[in-house]
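Below you'll find a set of structures to go through.
Two complexes follow with chain A in common, the first pairing it with chain B and the second with chain C.
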Partner chain A sequence: MIAYIIRRILYAIPILIGVNLLTFALFFFVNSPNDMARLHLGVKRVTPQAIAEWKAEHGYDQPLFYNAAAAGAGKLTHTLFFQRSVKLFVFDFGRSDDGRDIGSDIRQRMWPSLAIQVPTLVLGLAVCISMALMTVFFRGTYLDATGVVLAVVMMSISQLFYVIGGQYLFSKVLRLVPISGYDTGLSAIKFVILPIAVGIVSGIGLGVRLNRTFFLEESGKDYVRTARAKGLSEIRVLFRHVLKNAMIPILTGVVVVIPTLFTGSLILESFFGIPGLGSYLIDAIRAQDFGIVHVMVFLGSVLYIVGLILTDISYTLVDPRVRLG
Partner chain B sequence: MPFRFVILWSDALTYLLLAVSVFYGVYASRHEHLRAPWRRVRRNPLAMAALVVLAAYGITGLMDSVHFRLRLPGPAAPGGHAIYSPQVLSLLDVLCTPLRTHDEQTYSAPFALHAFTPKLVRLSDGRRVMEYPRLRYGGAGLTAAGGRAHDISVRCLRAAAEGVLVWLAAVVALARWRVKGAGESLRAALWRLARGETDVPWRAMLASLGVIILIVAAIANLAGEYHIFGTDQVGQDVLFEAIKSIRTDLLIGTLSTLVMLPFALALGVMAGYSGGRTDDVIQYLYTTLGSIPSVLLIIAGILSLNLYMTDHAAAFDTIAQRQDVRLLSLCVGLGVTGWIGLCRLLRGETMKLRQMDYIQAAIALGVRPRRIMTRHILPNVMHIVLIYAVISFSGLVLAEAVLSYIGVGVDPSMNSWGNMINGARLEMARDPVVWWSLAAAFLFMFTLVLAANLFADAVRDAFDPRMRT
Partner chain C sequence: MSVPHRFARRAIAAVVLAVILLGLLAAMHAARSEWNDPYPARQADRNILYAAFMERPKRLDPAQAYNENEYTFISEIYEPPFEYQYLLRPYTLVPLTARAMPVPVYLDRHGRRLPADAPARRIAYSVYTIHIRRGIMYQPAPCFARDASGHYLYQSLTRAQLGGIRTIAGFRHTGTRELVAADYVYEIKRLASPWVQSPLFSVLSHYIVGFRRFARTAARIRAALPKVDGRPPYVDLSRIPMAGVKVLGRYTYSITVHGKYPQFLYWMAMPFFAPMPPEADHFFSQPGMKSRDLTLNWYPVGTGPYMLTVNDPNRQMVLERNPNYHPDFYPRRGEPGDAQRGLLKDAGQRLPFIRRVVFSLEREQIPYWDKFLQGYYDESAISTESFNQVVQFSPGGEAELTRSMRAKGIRLVTGVAPSIYYYGFNMLDPVVGGYSQRARRLRRAISIAINIGQYISIFRNGRGLPAQGPLPPGIFGYEPGCAGRDPYIYDCIGGRLRRKPIAVARRLLAEAGYPDGRDARTGKPLLLYYDTYQTGPEAKANMDWMRKEFRKLDIQLVVRATDYNRFQQKMRHGEEQIFSWGWNADYPDPEDFLFLLYGPNSEVGGNGENSANYNNPRYNRLFNRMRNMENGPAREAIIRRMVSMAQRDAPWVWGFYPKEFRLYQAWLHNVKPNYMATNSLKYLRIDPALRARDRRAWNRPVIWPLWVVLALLALLVLPAVLVYRQKERRSPL
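On to the complex of A and B.
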């Protein structure tokens, strides 16, 4: 098991190098550092000297991949690629294009993101599972059919409309919660309650349908028929047998997304003005800050890979038949 | 010639997509193993009603994909060359000319006669008053303001009458066409249609067709005189914007799949069939791409493209061209992220097929690998491609709205539902609220996505019985 995890982590290294190469290619082949300097300096102040200064100040003054001027190993290390990406591997994120320390920004902005994402995930899962169980319990009745149609209708509505509708109804008309903003400590509750509710409701359509398939798949199996033949009540069959076994695919599906919770939700955070990582990224996009976007891409990939490894481990935990080798 | 055709890149790809669909249709109609699942789809009333809605959207989008530049009046340039307008128009633009040209000053509510925001007006006696100026086009034909309700109801009635007439004509035409081969009376055929006793659920299709015809008739009767969904900040008709957005969102939903399809097919089948080193390389490729969260990948791509376009502004001289490049790169971005899932599925399916007897026999007979892949494996994984393309459509349309909202979607000057939402979002703070842009975007988008979801479910159920819910 430990050997397997170590091997998986080692596998992750070439993938992360690949991710870095890719973002690098995207950013610096299409736009040379000169272009970026010109963009950040604005039209008026563009002189060759100003560009050189900007590049030196922000660490863009080295060649991309191969530095012919340096000696020995410096040919490879004194390059933009090496300087920019190797530091990422030890989680030294450097500074953004406008001079802020990205690492401390991220550590600070992680918490508001989590304050929204974790309750959304947990409560959303509970809501989706119970609703899906209900449709399965009333299988073949009008209630089931209505539930399924409602799920399709709900998943056809863009999340943007849930946000706009929720904000309009609860903040503007009913004035129950503030429209947007954030506060530290317990007073944050009144700010996060609406984003969480919106996050849950917008996920219901897809979640109910997905969990319903898991339940239906499970309830078609032989052991369920045996349980019914034994004379167990339908509720007992569903809760004691079907729910328990269907939790395996449901939970392993959830484990993948747990690490990505850190990066936050782009839509919710920007609409509700929450200073998390999602709005951090959006601000970076608006300001065309490559430093931040680069770090966020790297962080996102790391978290995704962590999620995959956790999924594999959780398989062995919930299902002893699965062996990692 | 009074006009000259312009073929944008996205138009060319649209035509290619059309050709591929027609080719697939012909191919599927000749092979029983493809005809059987499609028959199942055809028997599903909900799916067929959804298909009619999708077809209406598709026709609108296609009409918007025929672009041309009108010839300018006046003498030809020296050398006998005609001068064409720099403005690229589409067939839909010409059909919707009143909608397109009836621009107001700024916001106005649906069916309004006066502008939404008051304006300072100097009266003839020198006093200044705040007044809601009369709209230039909204209800311009009305003589008295009180006649608006009357005028609207008259127009609605006329629209209903026209719509019902056209619909009845369609019903009779369908019944006659069905009578032709069956040798039954027209009355019996109509009766059977009305009772829903047909193999193909014509009744459901006719019902949704009827709704569409009524809506089109209402638009045709009302839109010339009023702004049905009001106007936006720059005074453009919101209904026209919403209609123009259809093409954008259809393109994103379909072209994203189309542009990535060759890569996903080639690499997925190759990885699954060859195994070994090839498999490792391809797996590494898609794991690397896949480990970047899709939104971030698109953001990175569009951001660097943006920067490139600002630096090389000269290469993109017309707005249409610029929009087109942005649209296509968004399709590529969305396609690359979708590519991974499809590639993984194809690889798995190919690995399974490779163990089948008929492939083993082909290998034993000395058939070359390339031929095995194209002749024996490819046709047997196509159902996965189909399911994938149909299912991903609605997700792509929804993604467009979110990405445009974040600022990495289609060009801000291009009509799309995402841009409409983005523009209207800030106006929610106004009192009274400017809700009509949002309402229009919501209605158009919801209908399309719902129809696509219903149709996709039917296709998936028919082609992949294991995944049936």
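On to the complex of A and C.
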């Protein structure tokens, strides 16, 4: 397995270089360093000299990919792309365009993101599995039909609707929780209840439909028929046999998203005023802060690759037939 | 009992238990406080102001900050020598840390003193001597901390000593010292230091004697010093002389500017000219500080009424009363009517009134507005979406609050900001630009066709005043009513302004060579281009309206929407034809608006703020005369001529002066919009008891729907249990 993991990590390197290259190309296709300097320095009384100084101070005075003025390998190494990318591969995130240590900001802001994302994932999974099992248990009845229709309706609604509706109902009309904001420690609880609830509810439609499919697929297999033939109750069949075997595809879907929980949710964090990494990225895009955008895209790619590797490993844990080679 | 039966019973028991627990919890909380209170319960009746900010400040260094969202904070922390009197209009400068307003001494080019009324052309230099008050102390800060023997504790730190310190709170000791004149001089030298990148560098380099030379010398000295940890070292600016800025004594300094420049005092009322203790600059320049995000941009050090104690711009920023704040008092003089409005009740009282100000980040309008209605913000602007819920217009056209707002005791305060939004013509464009009679007629025709009054009504809920020229109300030279009208666009009928009929515009268009919107020579339809960076649904409505206005003249308008960067690039290269833009006053002087049409200040070629690239030599000459004059009849006459020229040439479609509507809770007192003063927090007073009472009344949690939801859930569970039982009892075939 170790050889497999090493191989996957080596495969990841060209992928990350490609992602890096694309990020550079796309970002600087839209924004030139001059534009970035102007946005940072403000719209009033900005002189060409100030722009040149800002670029020199932040390293944007170098060519992007090819430095014709440099000699030898310097043609490639004395470029913005090389200087910025090499540091990323050793996880030196550098500084944002307004001078902050990006690594420190990420360490600080991942906790609010996790405070929302982890409970949403765990509780959401529990709710979706329970409801999917219920629809399977009552399949063919009005409860099953109602559940499926509800799930389709719920998955058709934008998350933004749940956010605004939740804020309106629970914060404004019923006045049960603060409408937005965040605090540290235990005081954070009252701020995260609503975003977590919204995150769970907005994911129920898709989650129930997906899990129901997994359960139905399992419940039609021979071993389930055998279990029923032996006289096991439906509950026992579902919980002890169907659920256990359906966990393989469910687990696959869950493990792959675990690392990306760190990067937070753009909509939830923005509307609920959660100072996590989702809002960090949005702020950076708005401010055209290449330092942060670059790091966040890179980090997202790394976490996604880690997620995929973990998924592969988890296969071997839940299904002994699977061997990584 | 079978397993399924046990399961069902346990499930029901668990639901019942959960309901009981929830109910108990709800009852306990309901008895204690408001559930939706975003602040700690212990703060409920404290002397704290709650406000929001929608955009995080990027820079808190007074040499760099230049945006409104940055001034909200640093203007309360840093104190320039002068400030705007809070209540008086027109805006009046008064001493803040200075003992008195300085009277400039004029010198000729040989350094000989000239009389105060000397003509501007003879004045080579103006010398401002500022005496600051004694006994003003800085806020407690680690950069001033000393040990028992008087040595600085934190001015020669090693990396090991810095250890795990990541915030300013990590330094256990703080100290203070008295404000001295040298601190003001030091800050001016920072403005000139190229590595500080002050946005005022180019402006000041034209005025302060020796400014540019100082910049070159400082840069040379810095480059020659060995780097520390790969970074340029600290440069002690106090050792490098600047010819025009001198420390004359512990409490006195002077600034010499080229020529006569009365507006210089206004610049000196901005945080750019606040004092900077060299200890603070040195403290934050030490190795290891920047890598720990310990910078002047993050931790300001000032003498103002407040100090920044929490700087988390992703969530909250907190200003606390500076315990060392010098005696400062609420003004005793105001405008007529201020006393009736209760604005002089606190006259002579010691400032500031509020102990703590909590600013919370609100990225979205809806939560901000709802929290204001719940009493969790003490003031708020009015978004377009909420406008009709809040404001109604009386038959006389006066804006007033709706009944629901009045019932809450909320107050509406309005004012016209010293700003202007306009549509500009690129004067370098071969179709709409130029100074020929044809071009003027075309621009005037368009100016008549674009109904700004309608725009204000549709897109700004009436919050604006149609402009007649570049000068907004409150600025010297502005003439209200028919006296100040643009006679090419407006008629004065019965003392009221009325836009000329569209027939006049069509006639002008025909005279310009485009009868019925077609080029008389080629017969082709007239096609004009409007460049904008606005996109999205709201912008689409705006563009549709613009096209409609141009269709009145049968002109086809093509909207070229692009992103902000590309738009700016077009403007810099003069590739636009028609555009919209705006300007907020830096200071209340007509020069700050009339320079927007000054030829040498053109965006193309001059890299200035004259985006229309208007260049009328007569206007330019008058501007040069007017800019250095004191306010008075002579200056007013010149301004009238300049405005008249601009109206005749029509380089802009005069847009509107924005009218600001702000809402204040009943418990907030001494509110008067002052668009020049950014340090207004110290004048505000709140009634915390009233706020606590109103919040309790407005935010009682509504719990019964929870019970209904639980009952519904139970109702859902019951048939499920029944179906389950049926299923279990069903015997196999």
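Everything that follows uses one rule, which is that the second predicted complex is superposed on the first by the 301 of 325 C-alpha atoms of A that agree within 3 Å, B and C clash if a C-alpha of one lies under 4 Å from a C-alpha of the other, contacts with A are read in each partner's own complex, and residues count from 1 in each chain.
Just so we're on the same page, a contact is a pair of C-beta atoms (placed from the backbone, for glycine too) under 8 Å apart; a residue touches a chain by one contact, two chains touch by 3 or more.
Computed from a predicted structure; not experimentally measured.
Visitor: If you stack the two complexes on chain A, which partner ends up touching A:I164: first (chain B), second (chain C), both, or neither?
Guide: both
Visitor: Could you tell me if A:T135 is touching chain B, chain C, both of them or neither one (first, second, both, neither)?
Guide: After superposition on chain A, A:T135 lies in contact with neither partner.
Visitor: Just chain B (first), just chain C (second), both, or neither: which does A:V297 touch?
Guide: In the superposition, A:V297 contacts chain B only.
Visitor: Considering only touches as defined above, state whether A:F27 meets chain B (first), chain C (second), both or neither.
Guide: first
Visitor: Quick one: is A:S270 in contact with chain B, with chain C, with both, or with neither? Answer first, second, both or neither.
Guide: both
Visitor: A:R212 contacts which: chain B (first), chain C (second), both, neither?
Guide: After superposing on A, A:R212 lies in contact with chain B but is clear of chain C.
Visitor: Is A:Y182 in contact with chain B, with chain C, with both, or with neither (first, second, both, neither)?
Guide: second
Visitor: Just to be sure I read the superposition right, which of the two partners does A:K172 touch: chain B = first, chain C = second, or both, or neither?
Guide: In the superposition, A:K172 contacts both chain B and chain C.
Visitor: Where on chain A do chain B and chain C both make contact?
Guide: In the superposed arrangement, which is not itself an observed complex, chain A uses residues 30-31, 35, 38-39, 164, 167, 172, 270-271 for both chain B and chain C.
Visitor: In the complex of these two chains, what residues of chain A are touching chain B?
Guide: Chain A residues touching chain B: 14-16, 18-19, 22-23, 26-27, 30-31, 35-36, 38-39, 148, 152-153, 155-161, 164, 167-168, 172, 209, 212-213, 216, 260, 263, 266-267, 270-271, 281-282, 285-286, 288, 290, 293, 296-297, 300-301, 304-305.
Visitor: Give every residue of chain A touching chain C within the complex, in rising order.
Guide: 30-32, 35, 38-42, 44-50, 53-54, 57, 98-101, 104, 109, 134, 137-138, 141, 143, 164, 167, 171-183, 187, 190-191, 233-236, 270-273, 275, 279-280, 283, 287
Visitor: Would you tell me which residues of chain B are touching chain A in their complex?
Guide: Against chain A, the touching part of chain B is residues 284, 287-293, 295-297, 299-301, 303-308, 310-311, 394, 398, 401-402, 405-408, 421, 425, 428, 433, 438, 442, 445-446, 449-450, 453-454, 457, 467, 469.
Visitor: Name, in rising order, each residue of chain C that touches chain A in their complex.
Guide: 2-4, 7, 34-38, 40, 56, 58-59, 66-67, 166, 194-195, 197, 199-203, 290-293, 295, 297, 312, 314-315, 360-364, 366-367, 370-371, 374, 563-565, 568-569, 586, 607, 609, 699-703, 705-706, 719-720, 723-724, 727-728
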